[in-house]
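Worksheet: one structure, shown below.
Letters A, B, C and D name the chains as they come in the text, with residue numbers starting at 1 for each one.
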Amino acid sequence: MPLPTAALDELVTANRILAREGVVDAFGHASIRHPTRPDRYVMSRARAPECIEIDDLMEFTLEGAPVDTGGRTGYAERHIHGAIYERRSEVHAVVHHHSPAVIPFGITRTPVRPVMHMCASIGAEVPLWDSRDTFGDTNLLVTTMTMARDLAVALGEHPAVLMRGHGAVVAGASLREVVFNSIYLQLNAELQSRAAALGEITFLSDGEIDAVLATRAAFTFERAWEYWCRRAARPYDERPWAGPLAG
Amino acid sequence: MPLPTAALDELVTANRILAREGVVDAFGHASIRHPTRPDRYVMSRARAPECIEIDDLMEFTLEGAPVDTGGRTGYAERHIHGAIYERRSEVHAVVHHHSPAVIPFGITRTPVRPVMHMCASIGAEVPLWDSRDTFGDTNLLVTTMTMARDLAVALGEHPAVLMRGHGAVVAGASLREVVFNSIYLQLNAELQSRAAALGEITFLSDGEIDAVLATRAAFTFERAWEYWCRRAARPYDERPWAGPLAG
Amino acid sequence: MPLPTAALDELVTANRILAREGVVDAFGHASIRHPTRPDRYVMSRARAPECIEIDDLMEFTLEGAPVDTGGRTGYAERHIHGAIYERRSEVHAVVHHHSPAVIPFGITRTPVRPVMHMCASIGAEVPLWDSRDTFGDTNLLVTTMTMARDLAVALGEHPAVLMRGHGAVVAGASLREVVFNSIYLQLNAELQSRAAALGEITFLSDGEIDAVLATRAAFTFERAWEYWCRRAARPYDERPWAGPLAG
Amino acid sequence: MPLPTAALDELVTANRILAREGVVDAFGHASIRHPTRPDRYVMSRARAPECIEIDDLMEFTLEGAPVDTGGRTGYAERHIHGAIYERRSEVHAVVHHHSPAVIPFGITRTPVRPVMHMCASIGAEVPLWDSRDTFGDTNLLVTTMTMARDLAVALGEHPAVLMRGHGAVVAGASLREVVFNSIYLQLNAELQSRAAALGEITFLSDGEIDAVLATRAAFTFERAWEYWCRRAARPYDERPWAGPLAG
């Protein structure tokens, strides 16, 4: 079954938003799980997120095999997405990015922790994955399912994981959620960097993080999505696309 | 009595300016006290400030009840505004924002103090309100009049108050004043952060702050307002809207 | 004698460039000495630099009296310009600005010194003027010739002077030179701030600064001016305007 | 033989990209070796990179003599390019820039080392050249072949070299490669500055850098080039121009 245009448009928009907000540059990618085939996911051919059009979107099996290349080449690191969809059935969208605000935390092994209510959804703990721990000296790219599954284990049940010397991955129940958490992970890193230069930081307490997560409503994602669509010069569809499996 | 279009246009413009200058992102809001009904205030339905149109503006009682929803939903945190209008009769406009330059001061309990003449109007002292002190672990949102009144007490007679892990509130006699003070609170925080990395800061003295406030003229707000309108691609109305009570 | 349009256009362009490059916001101003009346200077009515049009430009005596108001009001701080033209006959252009990169140096009494060849023209030493030293607690604005002359003494023969808690003044032989030095003073401050966080700085030596100044050619200003015109969406006139006295 | 238009267009685009990405301002320049005359190189007349058009491009001998001025003046520092082409036959493109993120490293003698996989191509070591070591107090400009050859020795076989108080030079096998390495040198400097403020940095290991370089594919440059063309409002030609000698 072909994917509805609304779902594909939303994935194009997600890529454009991530570029506009500086979370991705020429590299990084976003995907959604296929709504009627949970054993597949959809993402662009290898192209900078800012340039992606609807015809660039391809289907892949969870192992990363393209269903129909149409002459297109997928991202070498698409396995990051497949391994997470394979491990966590509740995940319906994934973003991988190299946010310049976030990378300094990974390379100094400084924990990122929520400092502000809007950022609580990045989770009380953001684990750090270092490819060198298991795989030694590599080019750091996650180009095999073996590496991707190791990364997925490090992610565990968290909303996000840092990758040392590389970037981060954000996973969640919907595309709008993972875009939201990518942008607010970046903001939290920026705020935490600035605050570290001023003095000792009072982070959100575990109770506060729990309270934010318990009361977070869909309108939060929607209010931000409309704003980001406007900044990225993309039409705003107020109904987030939701297929039969996207809950 | 319906509000004059000039007043509504100015409120839309204020929201757009705050977005253009980076004081608000998808979240944050601005309000004005109703000019002929001091027991009411006007603000947008729950929407990102950059997206607000004149038809989004709603009237609320000081307790936060919408006068006529017209199918619209108000901001969950609108009570911040009502509690301040309730407590301070001279206040005719309020802004709540999450400026990323300001938040690091709240979470490190670093006092923000004026370092430059243009920023003197943020006040010699900017108090810090921490929702956890009275309300314990919450989602940090000010969604009840009880919380909002507690915040209003912390604000006291000051032009601005910081909210730990959340943002800030600015209150004043006119909309152009609170927009001005929001932007210059942000600039002061930025300057103070940069200066803290260089050495010991000479802040404005209390006498200098008093002198700035005593001699501050309306043209200061006007010169900035014209500039910000231009940057936000909004028409500039050189007469600030002033209703019978806004004098 | 009315000023040639080319001279007025260049002054409008200078204001727009300073705004585009972030050296001024709603405040700050640029002036030129009148070419045939060295006892007069030309600057805009009180308006944000980004908004200035040719009809905003006014003539003033060195004491700051408008020659013909045409219903317009001058900047309260225009005396900064008059006092410098009065003291230094070789000066034909002045900029006063509040660059956010520069202010942290004044408020921490950290000397700004050239770290890069392009910035050598700010001078081996940039003196610091503190209005409080002579005038005590004021609103920091230079609104009298007495204050302005005190500032001009602090400037001395230097290309620039910092004003504690306020901003800076740049003076020079031509408008393109003072715009150039304003922008590169800002860049030097930015570079010096970043470098201070990394380690001990090797500044340009006095010999290097002298060598840059001795070999600096007009094409340096011109190459930059064309670029800044393009960014500010202003036509580029490759002949800098030079009246009989601007040599 | 006149150069193909595709090659000239690509050189104009390179200049515009470097300006758009903030690597150059009004100063800095990019060149390519002439494809059929390896004893010549091509670069713009002395003009800000953002303003360059195809008619500004000139041919020079490796000694820096213009082949046909057509009334145009070359950059005073073009010798940087000639000396590198002279010394390294495999180099087909050179960029000289003053990136504000990079300069703080040179003036504090802080080594720049790759912190992220995308930046590995700047090389495990970026040497630092200080004109004062050999030439004493100068205006820091590399305006003679003697100075340029000294700089080329410092560059050695590396992809990049820092110049104290001045900027950096990047050399490589193709224009798209040197633009890529210029932008990612800037990003690495930015990331390393931010990280230095947080804690001790884990740099890429030598083995990781080797692995990145060994597996780097042309598509990496292409994906970025398309993105940067879009941001610089330049048409994207998916075939990098490659003459008979450009390999």
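Observations, loosely collected:
Convention: contacts are C-beta pairs under 8 Å (C-beta built on N, C-alpha and C of every residue); 3 or more make two chains touch, one makes a residue touch a chain.
Everything numeric in this text was worked out from a predicted model, so none of it was measured.
Shared contact partners of chain A and chain B are absent; no chain touches both.
Looking at which positions face the partner, chain C and chain D present mostly different ones, since fewer than half of the interface numbers are shared. When every chain is reduced to the mean of its CA atoms, the largest separation from chain D belongs to B. Overlaying chain B on chain C by C-alpha atoms takes a rotation of 90 degrees, rounded in steps of 5.
Centres computed as Cα averages put chain A at a distance of 33 Å from chain D. A separation of 47 Å divides the Cα centre of chain B from that of chain D.
Residue positions 197 of chain A each touch two or more of the other chains.
Checking each pair of chains for touch leaves A-B, A-D, B-C, C-D. Partner chain C is touched in their complex by these residues of chain B: 115-118, 120, 187, 190-191, 194-195, 197-208, 210-212, 214-216, 219, 223-224, 226-228, 230-231. Of all the residues in chain D, the ones that touch chain C in their complex are 25-27, 46-48, 50-51, 73, 98, 100-101, 103-105, 107-110, 132, 136-141, 164-167, 193, 196-197.
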